[in-house]
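Working notes for the structure below.
Labels run A, B, C and D following the written order; every chain starts at residue 1.
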């Protein structure tokens, strides 16, 4: 099983209090480790929630100071956690420049930047990246097991979906160009990119209605496009469904005993009983 | 088979007229019981229909008294039924505090409240909860058999759908934040929650059009989001379909003889011939 | 195989010119019969096309007389055909009061009515029923073979889809009532029926945008509803797909030899070689 | 395997420099051939990109000369390529009048026409046909292998989808006519073709909202239509999915050894090991 999000940093200090911190922060097989993970999850959710609500003009006007204080406290906690994460492993560079380390860094730096350059408001949105830290925690959770099932099916059908999207893109560009010609650059179809935007909105059945055909010929072509989209929607479904059906056939290897005949949905190794994450 | 809606209140009086009332109200194996169920169903449908039509301003203005009278009569019938339901069972508390008992209570109390506090208009909508009583009746019906099939397939795929929704939510929040940045808080994208609302409207292909991207970059990101949504729509379909396909494999236990090898779609126990609800 | 649209009127005259007319009008195994069917099909398509175009105000203003003349000629032909159809069978009542006979009658009568009661403009739309006559011709065609496949799969899954729709309706009514309360009768949610209309527009992902939530709570509920709709859309697909998969299992009986073990997609009887319509 | 887009022109000169040009332009088994293909692909993408951006009024105003120069250079290259393609094969007519030859011709001629007839602006859009040349290159690529899988499944289910569309069209015309009657030619339903446009927009769940029902009866019919569309959307999905499932069953013939028992997804002939395109 490929671990996408959470690399493991095994280079730990032999013992001492750093060893204990390592166990709490990086592992989840102790009581304290689990409590730490859940606290972190809650803190991230609160933090992301605050960031979202903060952007509502009325709310920000009223509770600006409250948000500032909360952000200050949360950033402090994340900073301490970040320093500890670096402190308790040997190969510090490996963590700092890993994707997860960069996300951890980007989660706290905007606050400090905003102290010196108060103008850069929008950089604060970078803090939303904190949400990606949820994956670190969920990666450990039992839920990942079923996630793997979905990812496997999507991986196996990705090639077919790429081709499908290629055909779609060509189809969309041609339809967009035709509509630009038919509507004569009016009624919102002011350029080919604009018409392509309309074609995507139509074929995916989103249909905002900010651009819609006004001429009879344009409407007729739209009807054809919509009915096509209606039939086409079946294709990716068919591809993915037929992969899900085959789900059982995929096997993966046990990391302990090397047995590579474990079913896709197995939770324990057939041969040695190793529990899979 | 788990009975979700209708708990059975077996604590009946030995005999007398209450026993007869119990048979009519709680059971449906007699002619009177069936007539009672159908009458109740019709009464509920009429009542819900009236409640809906009543909210149309013009209609309410014209026929206010008619609606009031109808509501009065229907509430009276439901009140009598409610009292009888309590009267004819031994363990009255079990019924009163069961979900179905609470629904029955909430169906009649708003009317009485409105007599004393005529201001509370909107509490009247609580009477719509009467509709949930339909489940009590349909629970007995033969139709539940196929409903079980759907529920079983959904239950078995619920874990996979939860994970899928988790990924979706994170994806939606990130897209929403990006659009807030790109559109710069204008064109309806006034805050991140607002942008998230837009992202959901777009990915689910609803596309109201009350908020739609106006900048070229925003439109380009929308195109990506829509094409993603188009591919993503295949995932829950794939999950559920592959569960439906496996439908036959689920077995359940006969309540009479204990045989637990009955097919999911069996209508009679293989071993003892017991008819399933 | 149940013949839904085209009843067969076997009560023919023994011979003479009526017999020949019968062969041309009712059967398609002769050259003339096929030519007649194709001509009729083209005439129906022209007629329906004219009826549609006629409703465009500008076109009608300009070419009113042309449309009138065309309609006159077409109605004459259909009238002659109708009279011949009646003339060349014995049991005239059986045809006249069959669904197909009534459609034939309704296709021509509006024109004659409009001669005497020129006011009744909209009754002319009844002539659109002519389109249903297409089924009579296609029924004979080889294409019906695959249509049967779809109908069989839908029939077999209809019960499950009914239950699904029942749950949907209850869900929609509850959501509609809640939105009416939340939006407080404003922003287009003026009554519960109106809110239900919004709920259907949202759950089916149509999303006109003529009514859309304006309050934050309403938007939040909408998000939940849309994500639910997104998951729910998988259910009917799952039901129908699993029926299609089982398609091969359905058998039907040969009308000639009585063998009832013919596969759903068989084009010839296994036992006697009878070709199926 | 039917080659739809790229006919092969085997009538090559025996040797000389034309032979070398042929190898580079028509084949891709040499290093130069591959570089040529990739260069051509990039040139086409740039060209199509420029054509799209050119239609944006603001951009065109500012960089008109730049676009003109770029178009001039690209057309020159394509012209040289076109001449070489004709020069290095024997049967020139076969190429010139093949679909691919016509596309190549239409890709360059609009530029020359615009030199003499500068008025014909819109004919320039014909240059978008260049995009179809991408297929020529991708046809050679390994990706076609999976594309074939999709095309096979669609071909096998096309008949069923045609019938489905026929029923849909009749359903849509009837619904459209009914809505025209119900809304009385108002609220955007100004004619039957207009109402049919609305019906397609609704059933395919696109839902622009440029036309939406305003009367209660119209809204009620819309609810029915939307719920139908919701169920109907399952039908093409079911058809295509069940074909994908059968995918393995299709076989095709090896062009070298004649073995016709190769699986649909085989990449090498079972018998002789021939690699399939």
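Just so we're on the same page, contacts are C-beta pairs under 8 Å (C-beta built on N, C-alpha and C of every residue); 3 or more make two chains touch, one makes a residue touch a chain.
Since the model is a prediction, treat every value here as computed from it, not as a measurement.
A.B. asks: What chain lies farthest away from chain A once each centre is taken as the mean of the Cα atoms?
C.D. replies: Of all chains, C has its centre farthest from that of chain A.
A.B. asks: Could you tell me which of A-D, B-D or A-C has an interface matching A-B, in the sense that over half of the contact pairs are shared by residue number?
C.D. replies: Copy of the A-B interface among the listed pairs: A-D.
A.B. asks: CA centre of chain B versus CA centre of chain D: separation in Å?
C.D. replies: 45
A.B. asks: Calculate how many whole Å lie between the centre of chain C and the centre of chain D, each centre taken as the average of the chain's C-alpha atoms.
C.D. replies: Chain centroid spacing, chain C to chain D, equals 32 Å.
A.B. asks: Touching at least two other chains at once: which residues of chain B meet that condition?
C.D. replies: Residues 193-194, 196, 205-209, 233, 237, 239, 241, 245.
A.B. asks: If each protein chain is taken as a node and each touching pair as an edge, is the resulting graph a line, ring, star, complete or other?
C.D. replies: It is complete, because no pair of chains fails to touch.
A.B. asks: What residues on chain A touch chain B, complex-wise?
C.D. replies: 48, 51-53, 55-57, 122, 125, 128, 131-132, 134-135, 138, 143, 146-147, 149-150, 153-154, 161, 165, 168, 193-194, 196-197, 200-201, 203-210, 233, 236-237, 239-241, 243-245, 247
A.B. asks: So in the complex, the part of chain D that touches chain B is made up of which residues?
C.D. replies: Residues 205-209, 237, 241 of chain D touch chain B in their complex.
A.B. asks: Considering the complex alone, what residue numbers of chain A touch chain D?
C.D. replies: Interface residues on the chain A side: 159-160, 162-164, 166-167, 170, 173-174, 177, 180-181, 185, 190-194, 196, 202, 205-209, 212, 216, 219, 222-223, 226-227, 229-231, 233-235, 237-239, 241-242, 245.
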